[in-house]
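The following pair of complexes shares a single chain, chain A, combined with chain B in the former and chain C in the latter.
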Partner chain A sequence: MRLLLNGNEAAAHAARLARVEVLASYPITPAAPVMEKITQFIAEGTMRCNFVRVESDHSAMAAALGATMAGARSFLITNSQGLAYMSEVLYHTSGLRQPVVMAVVNRALAAPHSRFPEHGDVVAQETSGWIQIFCENNQEVLDSIIQAFRLGEDEQVRLPVMVNYEGYIQSHTRETVDMPEQEKIDAFLPLVRRPVLDVDNPLAVNTVTGPELYMDYKYHQDAALQRAGTLLGEISEAYGAVTGRNWGGAVTGYRLEDAEVVLVTMGSLVSTARIAVDALRAAGEKAGLLKIRLFRPFPAEAVREMLKPARAVVALDKNIVYGAGGALGRELRAALYGFTNVPVYSYILGLGGRDVGVEDLTAIYRQVNEGLAAGKFPALYQWYGL
Partner chain B sequence: MAAKELPVVPSARPGTMAAADMSRLREQRPVIDMGKCNLCRECLLYCPDAALREDKNEIKVYLQFCKGCGICALECPTQAITMVGEYAGNRGFIDK
Partner chain C sequence: MEVYKTLAEIPQDELFTGGHGGCRGCGAALAVRQAMKALGPRTIINIPASCMATIGGSGLTTAWMVPFYHSLFECAPAVASGIRAALDIQGIKDVNVVSWAGDAGTADIGFQALTGAAERQENIIHVCYDNETYMNTGGQAGSVTPYQAVTPDTPTGKPTPRKDMLAIMAAHRPAYLATASVAYPLDLIQKFQKAKAIQGFRYIHILAPCFRGWGIREDQTVQLARMAVECGLWQLYEEVDGRRRVTVIPERRIPVREYLKLQGRFKNIDEATVAALQAEADRRFREVQS
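Then we have the complex of A and B:
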């Protein structure tokens, strides 16, 4: 069945198809319509789920964590200030290895106050130990949320997952979305229950841990996060076998064969960049695109192999890590260092909802080519579109 | 070196903390004057570590659990509990 859905509706349908049992969320723009849609499903009787009304995003995260520890499949939504407010509990959730899934409808952080999209909110949580998936369109939102449960709940992983899509550009824009049949999703995503809070088997959870054990716990947590990178590829394939759609795991290339200048980005800008690459190719340019679907764990090894033949790498970041540059620019340099000498051009753009169109990406492409021709070493990062 | 094997969810069986001896971190210990005690059991209720027990009409302190917080002494309605220093030696600046 094909429906015309915005990103928020697609996320709500994904939660329904995943048979989410607990939704704990606090309303925030532009993510709130996801919870409105889910409560509508509950009211209609098309979804069996407990909606926990909470007084803040911090409590929402704590409630979802507690529900998962009691063995329920839990989901929540937030963005920007709400995500920042949750930050403390994000670390508890990953450290306690609980596979909560959260839709993050990316929006800029204050100050100044903004309601518009960018990735600064989620990049600020890059060290929280959560798996972070980025989606370029509403179909990918639906498919990725379903995959996120299977990924996070896998015995080898057991970690929480953020599924990211941008406010308005995705959350409030309708596209045709193919709705997989419930039976297919049930077969793809069997319910996994691992209750930690069990009256028959009492445990002291989250105990004070001294220097003799803390580091070992963190080692295991990081190893589990790294395993999620490989596993996403297998899960995407399995999902493709069921629905006919394979989003290609952690990272995918577009027209990379013989590409000399490769644009690298994530989220909605991927779709724009694909059109820009087509336009540049039509004009005889050797442009390519690398789509980062998985930002955490960062698929460094795959990125290295795929960017090896490039003459220039262009990181397009809708975020600014103050004083350090764009998150992707930084990751790409770290992954490529010592592997190739390819220059990384790092652009900060599209912050706080400033529009980035195809013409902007072709303009950046030209700037990069001029820089290459002049043999200049690229700046650590530069701002585009001021 | 390999990382130690641990439960996936950081957790411990109940009673793990009871295995830890509190004596090394206690500055003071409660001493109970049974002449003043009326066995009201307030101290048992207030002690955060359940370090006090009643045994044959006598209040006893289990010193492996007592952390020396003094709450029992503060709450005792008959002032039967006195906190006594664990360390009787020199204090403060050591002049060589």
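Then we have the complex of A and C:
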């Protein structure tokens, strides 16, 4: 069934299809409509789910964590200030290896106050131990949320997952979205309960841990996160077999075969960059695109492999790590360092909702080409569109 | 509803066992041990940062015989809300879900999640074990620390009076509200039995002295907990649907001065303050007993 849905509606339908049992959420712009939609599903009886109407995002994360620990499939939505506010609970959730899934409707962090999109909120949680998936359109939002449950709940992983899409650009913009049949999703995503808090099998969770054990827990947590990177590909394939849509694994390429200058980005900018690559190709340029679907764990090896033929890499970052540059630019440099001398051009753009169009990306492409021709080292990072 | 009539009827089984890491004479550990007699093995407990969160489990060992989660400081009632939602959707009806916090996790940093859960009338029990100070970090003053108590960060005495958490929680109209004291175990256990039998949001506030914070001897915990009741600064009652019933009328009344003078934290207290606290105790005694 094909419907015209905005990103928030797609997320709500995904939660319904995934048979989410507990939703804990606190309203925040522009993510609140997901909560409204799910509570509407509950009210009309199309979804069997308990909604915990918490008084804050901190409590939302705490309630979702508690629910997952007690054996329910749990979901929540947030962004920006709310995500920052729940930060310490994010670390509990990943440290306790609880597969909560959260839609993050990316939005800038104040100050100055902004209601508009960028990835700064989620990039700030890069060390939280959560799996982070980025979506380029509303169909991918729906599909990724369903996949996120299977990924996070996998016995080899057992980690929470953030599924990112951008405020307004995706959350409030309608696209055609294909709705998979419930039976197909049920088969793809069976409910397996693994309660940690269970009166029939009492455990003490999160006891004080000394230096002799703490680091080993962290090793296992990191190893599990790494496994998620490989597993996403398999899960996407399985999902593709069921629905006909395979978004690829951690990273996918577009027109990369003979590409010399490769744009690398994530989120809604991927769609724009795809059109820009087509336009550049039509003009005889050897442009390509690398879509980062998984930001955590960062798929360094796959990126390295796919960027092998490139003469230049262009990171397009809708975030700024103050004093260090764009998160993607930094990751790419780290992934490529020691393997190749290909220059990484790092651009900060589109912050706080500033428009980025196809012509901006083609302009950046030309700037990079000029830089290459001049043989200059690229700057650590540069701002575009000020 | 069945409640234990004598201490002899109370189950021998320990659900919070020996070998925990609390200090000798810890009022908080006593409170948990007593409460677990009533709550029983079908209980899930989560405790935010506090002495109680750490003394019951360390590394790979634990004193808890029920599922226990050491949660985060601000959000034990929210965690409990989530646990309840998860049990409900699975049709598990006979499990008590408890958030058990100290006075900071209840009245201060944890207050937001508490008022949220209370307003939603979550089907959980929130317990405050109150030692009137932040002992886990060394005993700093909090909002329920009494007026003029000396603590590491109020070296000349706390300048403001104790916040009335019971009035605040009563204003949420919980299904059940009770005060308790580790010096009156039968009363405490009966209150947990009653709370367990009621659906909805339940709040139990236990006075649980801490020898270190109070400047008393380790073997004076129970004595001081009893004297708090006898002087009227702490009263034992319960409220069901807002209707109050006093559960313990102390056999003797003592002046507040006697209670204060045993405690190192009040060593600097002046006569005017003693008189003010006496007036406060008298007022509260009249108010509660009426």
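The rule is simple: the second predicted complex is superposed on the first by the 386 of 386 C-alpha atoms of A that agree within 3 Å, B and C clash if a C-alpha of one lies under 4 Å from a C-alpha of the other, contacts with A are read in each partner's own complex, and residues count from 1 in each chain.
What we mean here is this: a residue touches a chain if its C-beta (ideal position, glycine included) is under 8 Å from a C-beta of that chain, and two chains touch if they have at least 3 such contacts.
The model shown is predicted, which means the values in this text are computed figures rather than measured ones.
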Partner chain in contact with A:Glu183 - chain B first, chain C second, else both or neither: neither
Which superposed partner A:Gly95 touches (first chain B, second chain C, both, neither): first
Chain B versus chain C as contact partner of A:Glu44, first or second or both or neither: neither
Partner chain(s) touched by A:Thr68 [first = chain B, second = chain C, both, neither]: second
Touched partner set for A:Tyr219, first chain B, second chain C, both or neither: first
Partner chain(s) touched by A:Val205 [first = chain B, second = chain C, both, neither]: both
First, second, both or neither for A:Glu257, with chain B first and chain C second: neither
Chain B versus chain C as contact partner of A:Glu21, first or second or both or neither: second
Superposed model, chain A: greater residue contact from chain B or chain C: C
Interface residues of chain A shared between complexes with chain B and chain C: 196, 202-207, 209, 213
Footprint of chain A on chain B - complex, ascending: 3-4, 6, 8-14, 16-17
In the complex with chain C, residue positions of chain A that touch it: 21-22, 24, 48-50, 52-56, 58-60, 62-72, 74, 88-89, 92, 193, 195-199, 201-210, 212-213
Touch list for chain A against partner chain B, complex: 95-98, 158, 196, 202-207, 209, 213, 215-217, 219-220
Footprint of chain A on chain C - complex, ascending: 41-44, 46, 54, 56-62, 64-72, 74-75, 77-83, 85-90, 95, 112-113, 115-116, 119-120
